[in-house]
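Shared between the two complexes below is subunit A, which pairs with subunit B and subunit C, respectively.
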Partner chain A sequence: MIRCEQLKKKFRRSTVLSNISFQIDEPKIIALIGRNGTGKSTLLRLIAGHLKPTAGKIEVLGHNPFNHLQVAANTIFIEEHLTFPSPFTLADILKQGATFYENWQQELAEKLLAYANISLRSYHEQLSTGQRATFNLVYGLATRCTITLLDEPMNGMDEAIRADFYRAILKEYIAYPRLIIISSHYLSEMEHLIEDILCIHKGVIELHAQLDEVQTFAVKLRGDKEQIAPFIERIEVLHEYDEAPFYEVVVPAANVDIEALQTKDVFVLNVSASEVCKYITSEAKEGIDHVFK
Partner chain B sequence: MSLNDVSIMQNVKKQVWWKLSSYSSVFMTIIAVQIMASFLTLNGTSHMSSGNDELRVEVSSYSLDSILMFSMVTVFIISSMLASKHMMEENFSIVTTRLTASISTVVAQLIICVIATCTALSSFYIFTLVMRMRNSEEQFLVQMAVEVETLFLFFSLLVVLSAAGFLVGSFLQMNRWSIAIIGVAVIIGLFIYLVPSYETISSQDEEAIARIWLTSLKCLGISTVIYAVTIYIRNQQEVSRR
Partner chain C sequence: MILNQNSQIPIYMQIAEWLENEILADRLVADGKVYSQYQLAEMFNINPATAGKGLSILLENDILYKKRGLGMFVVEGAKSKILATRRTHTLTQLVEEIVQEARRLAVSDEELIDLIKKVQQKG
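Take a look at the complex of A and B:
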């Protein structure tokens, strides 16, 4: 469905994406994770055909998405800055959406907006940030496009509505399976609905794996520093917290002898996918504590 | 999973309707400007009178020129606005490509020009009749009809300005002032090229009529070239909603 090969995107002198290669072949829900300014939105805009790659190759549904009508008809890109003509009420926007998108779900859109207490007589510009985000997400789901790209769709929504709309995404996906890529900083909130994680760091794909692989990728070792040290001498440490008497490190699970560690009174704890992404994209192993040393 | 297939023609048709319904206020603006032009310039009235103690003859000529000038400026501004970054961003909230977005904008602009020509003619007649009704003296109507070739020239000139506005708007979107200046220079050049022919519009002989048709065709030819260049430029432009 999507194939990127050595994709590069520069804006004047600034390189946002330097070497992106990945392939997605089937409908699933994927979380696109990365720190601020690492190029998540740029990647989504390249997939949507809004931007042209500086180098490399991108194929969406077998075509270059830049200026391809079939790709456009089967792709929806929802982001915070989505705009609609100002004379249109939300009802007008939905009515127009029905004329452009063949799989349009009018009833679903109306029900979801009613649930979120958003009047169809409102104007898009007049909605609050959270309501606008909700409307944009509803619009994106109602299109039932084969490729649905959601760029930080929950920004501005309150916690309750975020939980509801994560559920709405999942239910819609079950009803009509499609490729949904969600770029978000709230990975922990959506771990229950995603299947894969695509993590970008410094313009490259740092991690592309299934959720369960990421969840078992690393372990946190907590205990006496002297006892832990011999086990981590020759392995990569993803995160370290050393504030005596507390000591903990996060290391790749595959590289440590967990059974041996447990016999030494060392706690071996699971690390969530969200934490794994945070550690592998961190600049300093010690985190922000490093700044205060 | 089956994919939706859309033809360029279908997509353009839907977008034209979408654009006309989203910017319906444009038509009201044009009508308002034309009515204002009629009032401000009294339909470009020129008077010629002569007489003696017993008889006084006054000949009033009404012209579409002032309405044309105001309409041209309005159409230019509207077309450059339709090429703005904001409009491009809005366009990408529906199924579109740069090509279909540009073609549909051109079609919408042509429709605006047709409507502007019709409303110009209507406001011209309405205002002329109002002027004549206000005058209580005996009147003779020498000629009231506007010739087809005049209307066609009116429409063609609007199309040129519309194309020029679209080009300038697209250049400005690239945020390169130097290119915008070149665009404006091209438009001024066009006027210098077109205006000598346009001066013949008041003549009534066959040669003059032929020149009017020729000027109109020149205008449409130039518009086609400008539109083609603009569509090519817009086809390369990226969309960023930030």
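Take a look at the complex of A and C:
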């Protein structure tokens, strides 16, 4: 459905994406993860066909997406700054959606907005940040586009409504499977929802794997530094927290002898997918405490 | 049942375990139809692929079988099979953990056995 090969995007002199290669072949819910300013939105814009790559190849539904009508009709890109013509009420916007998108779900859109207490008579620009995000997400789900790109869809929503709409995304996906890519800073909130993780760091895809592979990728060892040391010699350390009396180190699970460690007084702890992403996209191994030394 | 997102046990294993418990409780019976991955996804608010993995584990362990186009069903004798594995595997593992913790706390073997007996009597 989507194929990127050595995709590159430069804005003036700054390179945002230097070398992006990945492929997605089937409908899935995918989390797009990366630190602030790593090019998540840029990648989504390239997929949506709103931007032209500087170099490399991108194919969406078998076509170059840039200014491609068929790709546009089957792709929806939902972002914070989504704008609609200002004289339109929400009802007008939905009516317009129905004319453009073949699988448009009017009833679903109306019911979800009613649930969120958003009046169809209000104007898009008058909505609060959270309400606008909710409306945009509802709009995105109602299109039932083959490729649904959600850029930080939950920004500004309160916790209760976020939980509701994660479930709405899941139910819609089950009812009508499509490729949904969600970029978010709230990975831990949506780990249950997703199948794959796509993690960008420094302009390249640092990680593209199934959720449970990421969840079992690393372990956290907590205990006595001297006892742990022999187990992690010559092993890549993802993160280290060394503030006596506490010592913690995060390492790839495959490289340590977990059974042997468990016989020592060392706690072997799980590392969630969001933590794994945090560590592999981190510049510093020492963490924030190091700054204050 | 609410899934424990922070557990050491992956979600798909928790799903498999839950289905096994349903079989043990006779809520799912031999040759009875099991929830589909989409039903499980809705019930537990998880990705259908995760639910699917839970089902595949039971398929591999011959707890469930597949009928083409109809879904998955409980194997005859699944219940006794689950009981046998849990006794040998799960219980052994739990005991291992108890023994390890007892050593860490310098609890003697006699004391540990006494403790187990005490808990059993409380019943």
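Worth pointing out:
One rule holds in what follows: the second predicted complex is superposed on the first by the 293 of 293 C-alpha atoms of A that agree within 3 Å, B and C clash if a C-alpha of one lies under 4 Å from a C-alpha of the other, contacts with A are read in each partner's own complex, and residues count from 1 in each chain.
Throughout what follows, a residue touches a chain if its C-beta (ideal position, glycine included) is under 8 Å from a C-beta of that chain, and two chains touch if they have at least 3 such contacts.
What you see is a predicted model; the values in this text were computed from it and never measured.
After superposition onto subunit A, the partners subunit B and subunit C occupy separate space and fit alongside each other. By the touch criterion stated above, A:G56 is placed in contact with neither subunit B nor subunit C. Of the two partner chains placed by superposition, only subunit B is touched by A:F88; subunit C is not.
Contacts of A:T146 after superposition on the shared chain: subunit B is touched, whereas subunit C is not. Contacts of A:G156 after superposition: neither subunit B nor subunit C is touched. In the superposition on chain A, contact is made by A:K171 with subunit C only, not with subunit B.
By the touch criterion defined above, A:N74 lies against subunit B but remains apart from subunit C after alignment on the C-alpha atoms of chain A. Set against each other, subunit B and subunit C differ in how many residues of subunit A they touch, and the higher count belongs to B. By the document's definition of touching, neither partner reaches A:P252: not subunit B, not subunit C. Think of it this way: put the two complexes on top of each other by chain A, and the tightest Cα contact between subunit B and subunit C is 17 Å.
Across the interface of their complex, subunit C is touched by residues 28-29, 166-167, 170-171, 173-174, 191-195, 210-212, 215-216, 262-263, 265, 270, 272 of subunit A. Remark: subunit C residues 3, 5-8, 10-12, 38, 41-42, 45-50, 53, 100, 104 touch subunit A in the complex. On subunit A, the positions that touch subunit B within their shared complex are 27, 45, 49-52, 61, 67-70, 72-74, 77, 79, 81-85, 87-88, 96-97, 99-103, 139, 146, 177-178.
Across the interface of their complex, subunit A is touched by residues 1, 3-6, 8, 11, 14, 17-18, 22-25, 86, 89-90, 92-100, 235-236, 238-242 of subunit B.
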